[in-house]
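What follows are several structures.
Here chain A shows up in two complexes: once beside chain B, once beside chain C.
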Partner chain A sequence: MGQRIVERGGLGAGTLIGRLALLLVISGVIFLLIEAAPGDPLGQVPLTLSPEVRDRMRAALGMDQPWHLRYLLWLKQLFWIEPLHWLGIDAGQRLISYQSRAPVFDVIAERLPQTLWVVGGGYLAGAALALPMGLIAGWRPGGWLDRACTGLAMLGWSLPTFLTGVLLVLIFGVWLGWLPSVYDTTLRVQGWEGLAQQARQMVMPVAVLALYNAGQLSRVLRAAMVQAAAQDYIRTARAKGMPTRVVLWHMLRNALLPVVTVVALGLPGVFGGAIITEQVFRVNGLGQLLIGAVQANDLPMVLTLTFLFGALIVLCNLVADALYRWLDPRLG
Partner chain B sequence: MRNVAMISALCTVLAPMAHAERGADGQLNILYWQAPSTLNPYLSSGTKDLEPSSLVIEPLAGFDEKGDVFPRLAAEIPSAENGGISADLKTVTWRLKPGLKWSDGTPVTSEDVKFTADYCMNPDGGCAQLGRYEGIDRVEAPDPLTVVIHYAAPRPNPFTAFTGAQSPILQKAQFAGCMGAAASTCTDQNFRPIGTGPFRVTEFRTNDALTLEANPNYRDPAKPAFATVTVKGGGDAAGAATAVLETGEFDYAWNTQVPPDLLKSMEAAGKGRVVTAFGTLVERVEMNLSDPSPDLPETERATIKHPHPILSDERVRRALSMALDRQLLSDVGYGPTGRATCNLVPAPEVFASDNTGCIAQDSEGAMALLDQAGWVPGTDGVREKDGRKLHLLFQTSANPIRQDYQALIKQWWQNIGVSVELKVVEPAVFFGADANSPDTFIRFNADVEMFANNFDGTDPEPYLARYTCDKAPSPDTQWQGENINRYCNAEFDKLLAELGRTSGVQARGAIAKKLNDMLTKDGMVVVPLVDRGRVSAHSNALGGVVMNAWDSELWNAADWVRAR
Partner chain C sequence: MAKRVLVLILALMLLGPLLWRIDPGLLDMRARNLGPGLGHPLGTDQLGRDMLARLMAGGRVSLAVGFCASVLAVVLGTGVGVAAGWFRRLDGALMRLVDLFLALPLLPLLLLGVMLFREPLARAIGPAAGAFVLIVGAIGLTSWMQLARVVRAEVMALRGREFIVAARMVGNGSGRLIVRHLLPNIAPQIGVAASLGFASAIMTESALSFLGFGFPPDLPTWGRMLAEGVEQMQLYPARVLLPGGLILLTVLAVNALAQVKVPR
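Then we have the complex of A and B:
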């Protein structure tokens, strides 16, 4: 697959403009999809409110405008008012969430730290676990180490996070009482004590995500290692009696190509948050923000978040392409 | 030795009663699994928003656990006796307690109260609590401690404006720039309102967490006992119950509505207890009196033009009600937090009809009644009349308990020869008001539907007023209107108008009971099932919790203490 991405063309200005146009199309499609979906941002308002009051609330949110005007306004807010705001220039009404009436980007900025700590931590820990697992398993396929690693990987990959998460809470939170089951987002990490507290509350959610991510990554690496081991140059190297360390390095360099694809394309997922794990431990990161916004039909928030995720995916594709060239000079 | 033991025993008894000083009890942890989105109740009407905000901003008066009005910022409750309510019921005069201060140290004046009404009644603000200020012509502040409300018409129940957690007083100095269309831009004000309550905001993270500290200017110098409070959100009801009852990480969890047996086993861990209070929330089946047939043109479907071919007969509606075992429904769905009911208005006592005739299930009687109405069993066991099958479409929102109820009710109705088709709609769609969606509970494109509703405060007049002829939804009203049954009874409308002219709780109660009976036991238009209580949990280490169904659950948080 990576091969194809690269063959499609270089990373010139044309590609960039094409990708920007793609982003615009993405935003339009997302907007129309949400517009077409049933649901009402005031659906969660208690029934005790009279229809007239609902109408007024709707008008105050600008929801009585026709859809194309709302889309244009959103584009203007996203690409003009928000960038200017970050430069310190007030160019008009910022993007406002229907739920909280707070600026969408302020809320996203507030959620980013815990998402990066926990979901990013889970991703890194998963990768760190997957590398040795994949290497060991791929070095001698069929051996007992391979079978143990494969078993562990399958377990991590197939156990849903809502099961492992709740299980960990039950064992370490309820029975043993060692770890907090609720993530405190208001914690200020100051000094060693704060850091220790932060580490303690990260252990369970990060472990859940690491197990899941490691399962997938180690399988990819193992498969690539097995494939590399069958190559002629590796057989020659082994036949010549090269040290294991060197042979492994030759194999790894080639085997890493598909792993880089998976890691780079999985990165946007880190920002997308981990909806279920965040819910179980009340991490309240970007995943919980998105799901909450979807449930509340908070259109500006859903639209902006999904657009940002789309943009990240496009960006990470570009990064994956660049990494490829660096890892495999033949593709340059 | 014995003396020492006795003294120490005495100390243990007296310790929790000893008067604590402000902030002496440290940190309080509260869990609202649906996290607050904003602390300005005028921009949101969710309990998850207005209850946490009640720790910070306060109304002139609140409702206690019995539903009685008691003064908060007001010196006393206006009445005809003390001259607070005029003889023509059109003028209400409130007097503030002298010497009140905002948490920033500035004095609270009647100008703030007047401003609050103007803020909510501004036509461009989209105020969610506008209903509480309905009928107000103008608000005056003749002197710093006096507020006079002039109503356009007699107002028999004036305890909506400035009463209860839904209409707290905002500080004029803080919100002056937030009137009308500017309301949405005031994020800082909406997230950190300056108040008179026991606590003030230190940090607000929308839909995530709120931290508070004791208000140094709170009117009772000995309160609150807690120095700091965290209100955390996220997760679900079961997780919230676990955090209080099993891990003990939190002192209080709001709305721990989980299956009754699960809640019981959690409580058995001995770390905390479950508290409930019954208000007016009633789970009910509503009957459609108009024909929802998809064969009708879209502009005539489910409108009063076409009466329902089956349910227009009161005997059929009654038979459907008789076939239900409400006690079982209550036990299965809510356990100790539910009560079988036949009333649309189950409380307060003075408004609740002594209507219990529906509690006992009577399938035999139901079948006899259907026979009498001309619906006789066909070859497949389903009753029919004039070639039409007794077939009903039964819709509700997606919710585990409601789906259990649907299955049970379907079974009971099948037992008396009624064929039932079930339909489940996503809550955001079902309760939404999207006029173009055919699946809202207002459009009612089904024969019967089930949901829960309640009323604000303690007076049911606006609640009963939903069932007047002119409130039936139709294409002419863009499918808006609260009379979803399309019920139309001139007698009901007349009696309701009489309620609007009647003052005095006893007299109002008598009329309200009659109206309730017309809709329920006499008319069988609304078939109430279960009176649902509020349920929350608090740890054994938290004292002073008094559950309240009439106002914010956190209404007396100033009195909460660390139990030792």
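Then we have the complex of A and C:
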């Protein structure tokens, strides 16, 4: 299936190699940014330590090597040792976090589910909200429903996620007391009660992200609907006396094209927004991991997480390209 | 409506401190956590600082960050866009650069950059000025790419038009053509991008402050005040609602203005 999309999309090996090269450049930029900064992973170590001990600690972290060797070692660990480790082959020293002394990818795997729950839920709920909003707004541009939906979208788009989150906590967590204001990260979902509890604590973070996503998506869908409504085939369909349902379906099929692209392209941004949302509700996902690692100068963790975010962007771009070309054969 | 709200906020933040002369940093331990009253119209915070004065001081910083960062982004975006659209030899390289910046994970890099460069800059030019330069620079450097693309497309569409060709035949050089004929014609797009950039810079600054990567504690901004207020949200919700409401009003007003002015 994936192969077919790539072929039909005309995304040959050249594009793929270009994207891989882009990934490499991104990794280099991230590494050099950290290298250029005068920070020191031993900055928190007491000054009373003797210089020899300090040098040995530095050597233990691998910091005594020149930067290009450390960069190459990081690349090797990222692209060679870690994938082999997943296959069950021990190829050498894995990436180790300075902070927890645990392998970086084990920590990430531990935190990933929480982020995926919240981000995925927010994304799906946002799309589910944006679809009717964009449809209603684009069906009769200028009507009162359009103005209401556009206003709502504008609000969702202008509300910073940290403000929405705090407001929701204030209203539903503090004043009404309906929902827990802090995400219980130790919760194990066992049976229906656990599931209900998980759902209750997910409502607010998901709602925050959903409102933000819905704002962006419904704007795109509305614009696409308005554009589709002006097309000849819609006039023809109307002139033939097609019922509204059919005309709407004709419009929607074409209007969804840009929406699909925006959905795919917007995913990395949602992960970014999740960093803030996780902080508001104290969800121990990837965002919180990143912030903790940045504050603790945990270089391997920061490098790897930032690179993974970059890789996600490149991947989403690739998927958006392929999807667009697959859905719209005129481009193929 | 949007214009009036914006003018009101700007006037309150810029002219307000001339009328309301309480020092926003003045600690008054005997007047902590006061409700709204005559001496303090919006009450005081947990250290006895006047909320109204702090909101105005914080607003000035937030608005200044938004303004400077969007100016930086507009200058960079317009420069790169015009260069790529006008000079064909630069086009490929510059657009690669734009693609690279668009593929970078910006929020993680912002956090990282602020964390890494905060102390050296603070040592070089003082904590407040250092934080200001750092945050404006970081936001400006990460938000010029969309504008560069738009400007490039506009320039490419314009460069074949008769009046540009005629102006070039008369003997005008590239510099004069760009300044006198090209830029005035893409000014509306730049204006819209600048106001959207202003709004998003204020949001980004607030988000950074909220995450603890913003200004030092003694320098209030709306985002910082909101983050500080979250801890006592249950007892004093106004400390979250006031700065949060001001951020929202400003961003909404600017976005609404920009939407009205979108060129068709």
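Brief remarks on what is shown
Convention: the second predicted complex is superposed on the first by the 299 of 332 C-alpha atoms of A that agree within 3 Å, B and C clash if a C-alpha of one lies under 4 Å from a C-alpha of the other, contacts with A are read in each partner's own complex, and residues count from 1 in each chain.
Definition applied: a residue touches a chain if its C-beta (ideal position, glycine included) is under 8 Å from a C-beta of that chain, and two chains touch if they have at least 3 such contacts.
The shown structure was predicted, so the numbers you read here are calculated from the model rather than taken from an experiment.
By the document's definition of touching, of the two partners only chain C reaches A:I313; chain B does not. Shared-chain residue A:S158: touches chain C; no touch with chain B. Legend: residue contacts after superposition of the two complexes on their common chain; A:G177 is shown touching chain B, with no touch to chain C.
Once the two complexes are laid over each other on the shared chain, residue contacts for A:L195 go to neither chain B nor chain C.
In the superposition on chain A, A:Q279 contacts both chain B and chain C. Applying the stated contact rule after C-alpha superposition, one finds that A:Q295 touches each of chain B and chain C. In the superposition on chain A, contact is made by A:V107 with chain B only, not with chain C. Legend: residue contacts after superposition of the two complexes on their common chain; A:I34 is shown touching chain C, with no touch to chain B.
In the superposition on chain A, A:I17 makes contact with neither chain B nor chain C. Comparing the two complexes, residues 38-39, 169, 174, 279, 295 of chain A contact chain B in one case and chain C in the other.
Interface residues of chain C, counted against chain A in their complex, comprise 99-100, 102-109, 111-113, 115-117, 119-120, 199, 203, 206-207, 210-212, 223, 226, 230, 233-234, 237, 240-241, 244, 247-248, 251-252, 255-256, 259.
Against chain C, in their complex, chain A makes its touches with residues 22, 25-26, 29-30, 33-34, 37-39, 154-155, 157-163, 166-167, 169-170, 174, 268, 272, 275-276, 279, 290-291, 294-295, 302, 305-306, 309-310, 312-314, 317. Chain B makes touch with chain A in their complex at residues 31, 35, 37-38, 43-47, 123-128, 130-131, 181, 183-185, 187, 190-191, 203, 205-209, 211, 230, 232-236, 239, 242-243, 246-247, 249-250, 426-434, 437, 439, 451, 453-456, 462-463, 480-482.
By the touch criterion given at the top, residues 38-40, 42-61, 93, 96-97, 99-103, 106-107, 110-111, 169, 173-174, 177, 180-182, 184-186, 278-284, 288-289, 292, 295-297 of chain A touch chain B in their complex.
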